[in-house]
Amino acid sequence: MSPRRSTHSKAKTRRIVLPNTDDAVNPHASLTGGSTKQIQELIDLLRRNNLTELEFEREGIRIRVRHELAARPLAASVPEPLPTPPQQSTYSASSAISVADTSAGFVTVASPIVGTFYRSPSPDADPYVEEGDSVRKGQVLCVVEAMKLMNEIESEVDGRLVRILVENAKSVEYGQALFLIDPKAAS
Amino acid sequence: MSPRRSTHSKAKTRRIVLPNTDDAVNPHASLTGGSTKQIQELIDLLRRNNLTELEFEREGIRIRVRHELAARPLAASVPEPLPTPPQQSTYSASSAISVADTSAGFVTVASPIVGTFYRSPSPDADPYVEEGDSVRKGQVLCVVEAMKLMNEIESEVDGRLVRILVENAKSVEYGQALFLIDPKAAS
Amino acid sequence: MFKKVLVANRGEIALRVIRACKELGIKTVAIHSEADALGLHVRAADEKVCVGPAESALSYRHIPNVLSAAEITGADAIHPGYGFLSENAHFAEVCESIGIKFIGPSSENIAMMGDKAKAREIVAKRGLPVTPGSPGELRSEEDALQAAQKIGFPVIIKATAGGGGRGMRVVNKADDLSRAFQAAQAEAKSTFGNDGVYLERYFLEPRHIEVQILADQFGRVVHLGERDCSIQRRHQKLVEETPSPAVDDKLRREIGRVAVEAVKAAHYRNVGTVEFLLDKDRQFYFMEVNTRIQVEHPITEMVTGIDLIKEQIRLAAGHPLAIRQQDVALTGHSIECRINAEDPEKFTPSPGVITKYSPPGGFGVRVDSAMESGAAVVPYYDSMIAKLITHGRDRQESVARMKRALGEFVIEGIKTTIPLHRRILEDPDFQKGHVSTTFLERFLAG
Amino acid sequence: MFKKVLVANRGEIALRVIRACKELGIKTVAIHSEADALGLHVRAADEKVCVGPAESALSYRHIPNVLSAAEITGADAIHPGYGFLSENAHFAEVCESIGIKFIGPSSENIAMMGDKAKAREIVAKRGLPVTPGSPGELRSEEDALQAAQKIGFPVIIKATAGGGGRGMRVVNKADDLSRAFQAAQAEAKSTFGNDGVYLERYFLEPRHIEVQILADQFGRVVHLGERDCSIQRRHQKLVEETPSPAVDDKLRREIGRVAVEAVKAAHYRNVGTVEFLLDKDRQFYFMEVNTRIQVEHPITEMVTGIDLIKEQIRLAAGHPLAIRQQDVALTGHSIECRINAEDPEKFTPSPGVITKYSPPGGFGVRVDSAMESGAAVVPYYDSMIAKLITHGRDRQESVARMKRALGEFVIEGIKTTIPLHRRILEDPDFQKGHVSTTFLERFLAG
């Protein structure tokens, strides 16, 4: 869902709007009669020239190039939609939300509840996991305390723990990323 | 007078009608092939002219160029807001505003005052001019009545009267086009 | 006074509460679902916490996540707005138990008034006028038939836990009672998780009149006049006004006194609304007490100058009521139109991105909305996207102003009920103030 | 009542008048220069006429074109707004002569009050308090010296046709008088085409207090309380409020009575504003009468509930004043911040396109503006683009509300004075109500 996307009027012609941001367009999408390479060229053109819109139509030979004044440098005042909504969010008090991070092939472990993040079962105990550790599916990674209850968060994949994203004893929101796991590095 | 103008562009735009399409970009050249070089030329054109939009269509021979007010690298300087500024507007009660209509090479005679348009000096008299007539610079074309005064509107060029744009006894705004004159057809 | 209030709601009412807190110098925490991360109420607050996915049961109505959000942000009070957890006695109780102030009545108040049949009993016992109906919850079909025959047909069966028209059935004759009884029970069960129903006499063309009350914990209660909410579609209010064209000073004093006595009988505190039915003979009957701030509270604010959200917060903080009945002056007339993201003829929801949002302005015009150009109307929640409120020296002026303001209101990209409101305001019956709860049905048919 | 009103102005005041006309059921004609063809006031009106190029002398102030626009559209009255032709006695006279009603005072009223020295004379003759000064226009430098020595230095020289700080000079000692006299004359001549000047005692740290009056053609006059407009930069008001923190009920009655007597002495009719100077010893002195609707009229509307533009139209149409002095109740407190398209520190104009415009809303907030997202602020006219007005039960609430509303107001693409207003509202002296006409100077220096 993208509650605040910049909008465009519905023209009769097919428009290819290429926003000038990094997560622009899937270059593999098939286009009417055009080749991916050609579209990539258009994207590069757009990027190089710091435009905000470039429209091109083949049959009617129509080209439209736009450079928006308020072309705000990357999401300063116009926030990007949502920080990638969990694509398969299975809510449960003790299993994490895992999201495949397509950019690097990592799996993100996100908090399924609101609460306080603890890396160990008690203040004196050792942390459940450290960066670099191998983890197995079902292994407890941390607890999130909510309403005086300790909720254990388990890994949903085998892999290597690449990064711990939250400091110990900090509060976390629903859906907040806690860990990055590299499933390809499963031992 | 049209009550409630419904159209409204988001920003004040200054439209530039390019006098000769060949000077800009030859659309027939290789756009069919989707050559980026052609598009780059358009972009350069956009840049050089500090425009924000440039639209080009071939079938209908249509070029649309946009320069939005706030498009400002030149933000320091004062914007030019007039939609269709009379390029040589010498205001006077009896001389018309003439604007070179480059699209067809005609000169537009516009009303320099607000009032009521009359084609003849009195109800019984013959019209000053008819479509197709040859006119000379200084020749009276019509009167615009304002505040009970009859203001004679003179032609500022020699040429042929191509079109009378307002009906007799209708009210006219400041700057409203009254006649089209073809100066090339001066006898 | 509270230091930090968590607003357990979204949209215009969340923004309304945040605005009041800002003016009182109280910090605010917004909660939001994943669908609302970019909402104006989120940006307006000092802090924000995502409490779950779009489905409200897993976010705005998810008690553990909402309370955890209050805990981790150190909020000392929660404002529930309307809808969601606002009339959830259990939630209010948990708040009380963990020492976070619930900005609203006590959990006992909510539970008592939430049982509509029980509330009628309490009020009737005090000798106040209640719609003729079953003495309490109906235990069986026989019960229902007996009660219906006693008060006479037509009757209306209502869910004891009800609201919003769910679990309601009008019954015109004894033969239809059994089926309607079962249908109402089933709908009540599925909607509210409670199949309790009761019945009342069904009035033809009544007015829906409600009285705003304020009550402190020291037993002082004042009322702020009535609101006429007769223009409804399927029990959803569309246009509200105050004062009611059908209520004169004498009736206002009388109905206000009954409202005050009713809430006193229930030992009610904080803000509340006492709903009445006003029949054609100007008899009025108690229906129920709403234990939350109402959507339509702004029109009462416009004619009294009293900020109801601020009063609600002050009362919840334990302050005594500073307003006395004799200080309450009703000035002029106010109307509210609820602008919904709906097709104005078919009433189908119209979610989407608002490509252009340009609210009306000027004298006597108020807009309560969390929308803006580029905002998305998400399909998961209530379709109301803006409340347009006008105030004038008299009904004629506030109606003229509303027409003017509706004409200025630009919302593009989605469909809204603005065209319907324009038509309603042009209706001769509306202009004369001749409306009842059946007005809209006839209006739409005609 | 009029059938069709031509609004001879632009921007927010044109929209304000059009809104009032719509609410009264009167058709409207907007005029516009070529620079304003897309303005909101143009789209809001029923009809529109382009009256000239951007330069106001050739469009909004071009009498033949404005009157021709009224003629060709069949308008039966012209509302001049403020600025432009609003205080042009000749224009009012021509309107009268051709049978188009000028919505304002008579041309004689305007001419009389436009001569500031003359107006002081008339008021002084009636025994009302006038700032000590020259009895009328100064004929020579000797005249000036004599008058200054009689009332004592410092003195201020003002243009008789003046306004907006033009043609004014403060003189601290006799030696400086000659130069200042000549400079003021020259500036008056170049600004107003009239080199008449007069002088008054110059007060240190006075308050600018003005009283709104309404007068019908039957000699009835009421006042609607005062406005405190002490926060000015170079005689341009920036923040106005009512009631003034410096005026109590007793002073209000007194100053109101003097304002009413002053306009009665001048046989004045329609709306008007009587300006006073209030010194540190709570002595007040008549300064002048403004014969137009003021920019800051909304704050009076907020506390009285009276729509001043509608009253102005009704009075111009010859209706007797329906409001009696005893009916005028001042409820709560109201503030206005003028939002200018200017750098908030350097005050340089900031024309351009507003890329995002999102006005504040909610209870007690009013915005008078003709701006919207995508609108252009053109460099030819006044830089004021919006008036933000709040109302509260008391000064504390309306100030808190103003701070909240300023925080919500989003205008992107150009610079505005919003940050300056936020700072002013945080100032301890402002919060205590300790301000004078020198406040802003010190505030900006400090």
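For clarity, chains are labelled A, B, C and D in written order, and residue numbers in each chain start from 1.
Rule of thumb we're sticking to: contacts are C-beta pairs under 8 Å (C-beta built on N, C-alpha and C of every residue); 3 or more make two chains touch, one makes a residue touch a chain.
Owing to the predicted nature of the structure, the values given are computational and were not obtained by experimental measurement.
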| item | value |
| --- | --- |
| Path length in the contact graph (subunit B to subunit C, fewest steps) | 2 |
| From subunit B, the most remote chain by mean C-alpha position | C |
| CA centroid of subunit A to CA centroid of subunit C, Å | 39 |
| Separation of subunit C from subunit D, taking each centre as the mean of its C-alpha atoms, in whole Å | 42 |
| Geometric centre distance via CA averages, subunit B-subunit A, whole Å | 51 |
| Approximate Å spacing (C-alpha centroids) for the pair subunit A, subunit D | 55 |
| Residue list for subunit D, restricted to those that touch at least two other chains | 353, 355-356, 373, 413 |
| Residue numbers of subunit B (touch at least two other chains) | 11, 68, 70, 72 |
| Subunit D partner contacts - residues on subunit C that touch it in the complex | 15-16, 19, 22-25, 44, 298, 301-302, 305-307, 331-332, 356, 358-359, 361-369, 372-373, 393, 397, 400-401, 403-404, 407-408 |
| List of subunit B residues in touch with subunit D within their complex | 1, 3-5, 8-12, 68-70, 72, 75, 78-79, 81-86, 89, 91, 113-116, 146-147, 171-176 |
| Subunit A partner contacts - residues on subunit C that touch it in the complex | 34-39, 49-54, 58-59, 64-69, 71-73, 98, 353, 355, 374-376, 378, 413 |
